[in-house]
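Look at the two complexes coming up: chain A is in both, with chain B in one and chain C in the other.
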Partner chain A sequence: MGTTLEPRSKRVARFVRERFPIEKLDAQSMIVKKEVPLHKMSWAYYMGGLALFFLLVQIVTGLLLLFYYQPTVSDAHASVATISEHISGGAWIRNLHAWSASAMILTVIVHLFTTFAMKAFAAPRELTWVSGMSLALLVFAFGFTGYLLPWNQIAVNATKVGLQSVEAIGQYLPGELARWPIYVRETIQGEPSVGQATLSRFFAIHVIVLPLLTVGALGVHLLQVQIHGMSRGVDALKVKTEKFFPFFVIKDLSVWGVAFFVVAVVAMCLPFDAFLPYPLLEPYNPLGSTPDGIKPEWYFFFVYYPLELLPYWAVIAGSTVVGGALFLAPWIFARTTRRTLTVLAVAGALYFVVITLFGHAIYEALKGGTP
Partner chain B sequence: MTSALRVFVFLSIAVPGYAHHEFQTFVQAHSGRPVNCAMCHTSADGPEGTGPGQIGSLDELERERLNRARAAFDPSPVVDSPILNDFGNLIVARLGKRRILELRSNPAVLATELGNESDLDRDGIPDAREYLEGTHPLMRHHGAPLSLFAHELRANAFHVVMLGLATIITLYGLISILRGFALKMQAAANAEDH
Partner chain C sequence: MIDSFLLVFLLVGLPYVAVLGCIAGSIWRFRSARFSYSALSSQFLEDKSLVLGSLPWHLGIFVVLAGHAVAFLIPRVWAGLVSNPGFLWTVEAIGLAASVLALIGLTTLLVRRLTSGRVQAVTTPIDLTVLALLLAQVVLGILVAVQHSFGAAWATGTVSPYLWSLATLRPNPALVSDLPPLVQAHMALAWVLVLLIPFSRLVHIFSIPIAYLWRAPQLVVWANPRRFQGVEAAVLVPARRYFLRGVAAISVGGALLAAGTAGTFGRFFFGPRPSEKEQTKLDQEKLTRLRQTQREKELTLERARQRYIKIAKVKDLDTKKGRYFIDYEMRAALAFLGDDGLPLFISAKCTHLGCTVASDLDAQGRVLCPCHVSYFDIKTGMPNAGAPAKDPLPHIAWVLMDAKGDVVMRRGADGRTHGDLAPDQAALCDVYIAKREESV
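On to the complex of A and B.
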């Protein structure tokens, strides 16, 4: 064929140049001339913007909660109760924070499945995909760290279970690596048991570390989306398009408006805590026994129920393989057809929906009792 | 010795805290939700012990209140036991302790006898229904989700309408601004072409 092997440094330089083309780094290319494909899956293009909108709601409501929240084991629960019961609009803001967090994670998951099915990770959009996967991980980390902050029974006990799961990975690692999960747990936990140091660290991670990482990852993600545009998403060679500005932006904004109205009404009329048994909402009692019904948030059910039903090593191995494959999707699935990717995405989405909605029933049917 | 005094002495010795687990067991089985003593008692761990709201921690005045409440064998206008919360005191006031003891063998009837008039936390769900559904009758943000949503939607109808109007007006304004920008950009592009 006559092709010569390109030196690695040149390949890297070319890769970076193609992902960040200087000639496209202007408003003309990124906004004015940008076109958005129109086809039966076009609705999926709104998922990323919707996730961004819910993130903005998180930032605004989170900032307002910061004015009253006290990150100490003695006052955290009382300060949350004060926000909900005595601060004007406090219950609405807190519910808005909780509901929009769930909405954000749901939207991120839908965005992940749809972009996978549409092969939106194909070159030159590898960095869009990898930064998006990083954002998905960050969103789950936000959920995990935020869960502890109200310092109630379910928060502390679920966090303990989560941290123990991290430590348990060590038994399957060789040599000195086996101690790493212990170091990770100790670093996050900050003291022998979940206590003030843990709360302080979770708080710092939730309000400083994760937001900073998110800004970085989101910056790369949005820049890549604007430079390379939305992927065509379907196999058809000729696809109708519409102008990104103003038509797509106006539609995107309208979706934001509807989403805001829905989540604001739900936050006003349906307290997030109503779904939990009230003993789990009581202040954490370090001397008491662990109450019944301790569970993570619904968006962790996809890994929680398998952990309760299957051997630990199987779940960890499965999660590592699936997580690794997702991160490296642009290279692993480079030659896979959209049809195959759609089948994989539908299977993944079905698994997620079934385990989230029926995980408890499946557990009862297979093992009897509750996890 | 009167019968009331005999019951009082018996209860004071045999069940000093009047923690009636039959009700808790029934509610958990009926509702499928875990519940604890905090539904009726001040302390989530029940009345016995030395923690806050438990018998061992009561001062002299609170012990007097407890003794007065312990004497409420029949329905009475006000019961103010320091080991019971408002819902627990309401149950004793409405039914009297004698009836409560009788209902231990049939805890479902407690809801019927309480009636649907009382809603201590004003969440739109009667206390008796909250008892059956295993939700807390004193927590305004706790109740069966659908009932709570329906009640709050009715209560906040004005806010919901105003929120809808505000959203529509804001969207209209933002979209108009974007259209204005788009027109200006188009005009600038046309001028450049000429």
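On to the complex of A and C.
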């Protein structure tokens, strides 16, 4: 160790000071002076804003749904049906909530891949990246908890299966520890099987807990983006820039306008059920058999099909490694070139697209047929 | 006779002549005059009304043609989509709006061709012919849409299969011979336009300048010093004006959106106001759900209080089709009649991920868990080899009681039976499940 090394306390202080430079915490540096690079990947700079826009749509439509939704086992399904059938504009609001949720998750995934490929996490933007990863997890948590709320046959059974897979980890734990995953699952559920307690807490998590956490993480994320500006994103030494305000802001808002138009029209014409074989009109019946071929929403396919096809430990190990590497990317990939990162991102995106579009066909090919 | 002969020619002969002529003509033009393989631009000569005409026309006709093409290329998917009234109405509205847009653009272009002296200097007779025919075609299309609306739906059973019959060289004019004359005229004129493509400016359909959309802008300026000053001045337009214009556009858009949807969303907060009939139906559904909830509560209470719970009469049980019931742990279970004429109770909760298994036996006496395809033999409870489930479904203990309420026979969860009863006598009994401390 050389003498140039600072003591740990000073290093921490410097890290924080560089991430939150007090002299830059004003409108002058955060808005007026901010510039956005112009190059062939510039379209990726719109992804984060677009995800934010879809989140705003979710908040507004979610609040409207809250006016009529009733989170009880006996009334949840009927209240959703009432929103769809008897409230003026209700079907559109609900469709918008469903479509915009999918659009938000898709945008977040594209945002993740593009910022990774552009090495946007490099110092001093580590906190932007980590808060962004947390937001990505929150978005998936929103999807999982929101899915249960209509309390229909497919939703309840899919949630049961999803939670039950937590339990499978028990087979690798020794002795009394093997029972712990069961306690974890029952704690999440709030009772031995999925029922009213589960619905109540999933509702609370979806409507209060996750939004609050999201506001926190998003605050850090946006503050960091505005303080440090957009990352340059490409290897070229000289890139043209445009002013963030007003040019980029207006363009960003135009993209939002187009996105809203598209989602609004889609929500008006196509009920979200069009892509799922199970209509809403099938309330959960605890005495019935589980419907055939239940599947989670498309955005969980990337983890669902591996769970179906590979040994459980392999999936757990793989996702721990990938998830950990993603969270710690600013430190793990600090010296990696953009070219390599782009290759990794393209490979990841390719995997995601293939498993999402063809997961079922792959599953049928490998596991199909009656034994 | 003449009539039907003419009709067959228009519906079968003309399409083939048009397509063959179009292909042959395109090859000819590409070989003989390659650099004319596009539309002659007249932007230099007049650019104001060109924008006002060309842009709406191309936008409109692109949307309209795309709609036509989709119905032809994926007729089944399309038929499924337009069976949804909301989707159909939207498609009709978009189609009509786009064709009106195209009509406005085309009219502007025609007026421009006829009134601008500079443009007329480069106008050929075929240009005017094509413009007039296109105008007629768009008007015919709009008339079809207005007089025989929902073409997006009825075309899937008539025009789409007819076009496919032409494309697969098995022409079947009967599919469209009964359509109104207006529609047939629209179709015939379309073939004439196809034929004219290589011999007119329409050939630019094959050399679409798509690259315009993303190539760097090329500002064409005359070599005149005053022009250069103008360009520089334009760059210096203050950012503030740009911002204000953007904000104004967004506010106006938002205000229009709010005004247009105010009626619908004002009533969103007004609450559900179902008709009396709908209210009755809603109440009925609500009652059903409440009864179900009540039933679940009763089941729980019954299991807490009763030492025995009746499942069925033995004679009502079936060897092939199980009856669902809820065991003492409030989990789903299945009741079958075994081959020995005695009840066979087995858990219905899959040992893999807890799905409820189906109730029908297959030929090998197994029930299927539909979630991840495990087959369980109900005699042993064992899953099939290679199934995702590894553990057997447990059997559930039962007791038989005769009409007087005396326990005459019982079977433990381990499968051992206590008591002896002939099957015909057992059939007269009722079968119960017993609380854990009661079962042996």
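As a convention for this text, the second predicted complex is superposed on the first by the 347 of 371 C-alpha atoms of A that agree within 3 Å, B and C clash if a C-alpha of one lies under 4 Å from a C-alpha of the other, contacts with A are read in each partner's own complex, and residues count from 1 in each chain.
Methods note: a residue touches a chain if its C-beta (ideal position, glycine included) is under 8 Å from a C-beta of that chain, and two chains touch if they have at least 3 such contacts.
No experiment lies behind these values; they were computed from the predicted model shown.
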item	value
Superposed partners chain B and chain C on chain A - clash or fit	clash
Partner chain in contact with A:Ser84 - chain B first, chain C second, else both or neither	first
First (chain B), second (chain C), both or neither touched by A:Gly257	both
First (chain B), second (chain C), both or neither touched by A:Val346	neither
First (chain B), second (chain C), both or neither touched by A:Pro291	both
Touched chain A residues, chain B compared with chain C	C
First (chain B), second (chain C), both or neither touched by A:Val73	second
Which superposed partner A:Ser193 touches (first chain B, second chain C, both, neither)	second
Touching partner for A:Ala13 - first (chain B), second (chain C), both, neither	neither
Partner chain(s) touched by A:Val32 [first = chain B, second = chain C, both, neither]	first
74-82, 146-154, 164-172 or 398-406: stretch of chain C that collides with chain B	74-82
Intersection of the chain A residues that touch chain B with those that touch chain C	245-246, 249-250, 253-254, 257, 265, 268-270, 274, 285, 288, 291-293
Touching residues on chain A, where the partner in the complex is chain C	64, 67-68, 73-75, 77-78, 81-82, 86-90, 92-93, 157, 160-161, 164-165, 168, 192-193, 243, 245-247, 249-250, 253-254, 257, 265, 268-270, 274, 283, 285-294, 308, 367, 370-371
Complex interface listing, chain C residues touching chain A	84, 86-87, 90, 239-240, 242-243, 246-247, 250, 253, 261, 264-274, 278, 282, 285-286, 289-290, 292-293, 296, 324, 326, 330-332, 348, 353-359, 369-373, 375, 384-387
List of chain A residues in touch with chain B within their complex	32, 84-85, 91, 245-246, 249-250, 253-254, 257, 260-261, 264-266, 268-271, 273-275, 277-282, 285, 288, 291-293
Complex contact set, residues of chain B against chain A	33-36, 38-39, 44-45, 134-136, 139-145, 148-149, 152-153, 156, 159-160, 163-164, 167-168, 170-171, 174-175, 178-179, 181-182, 185
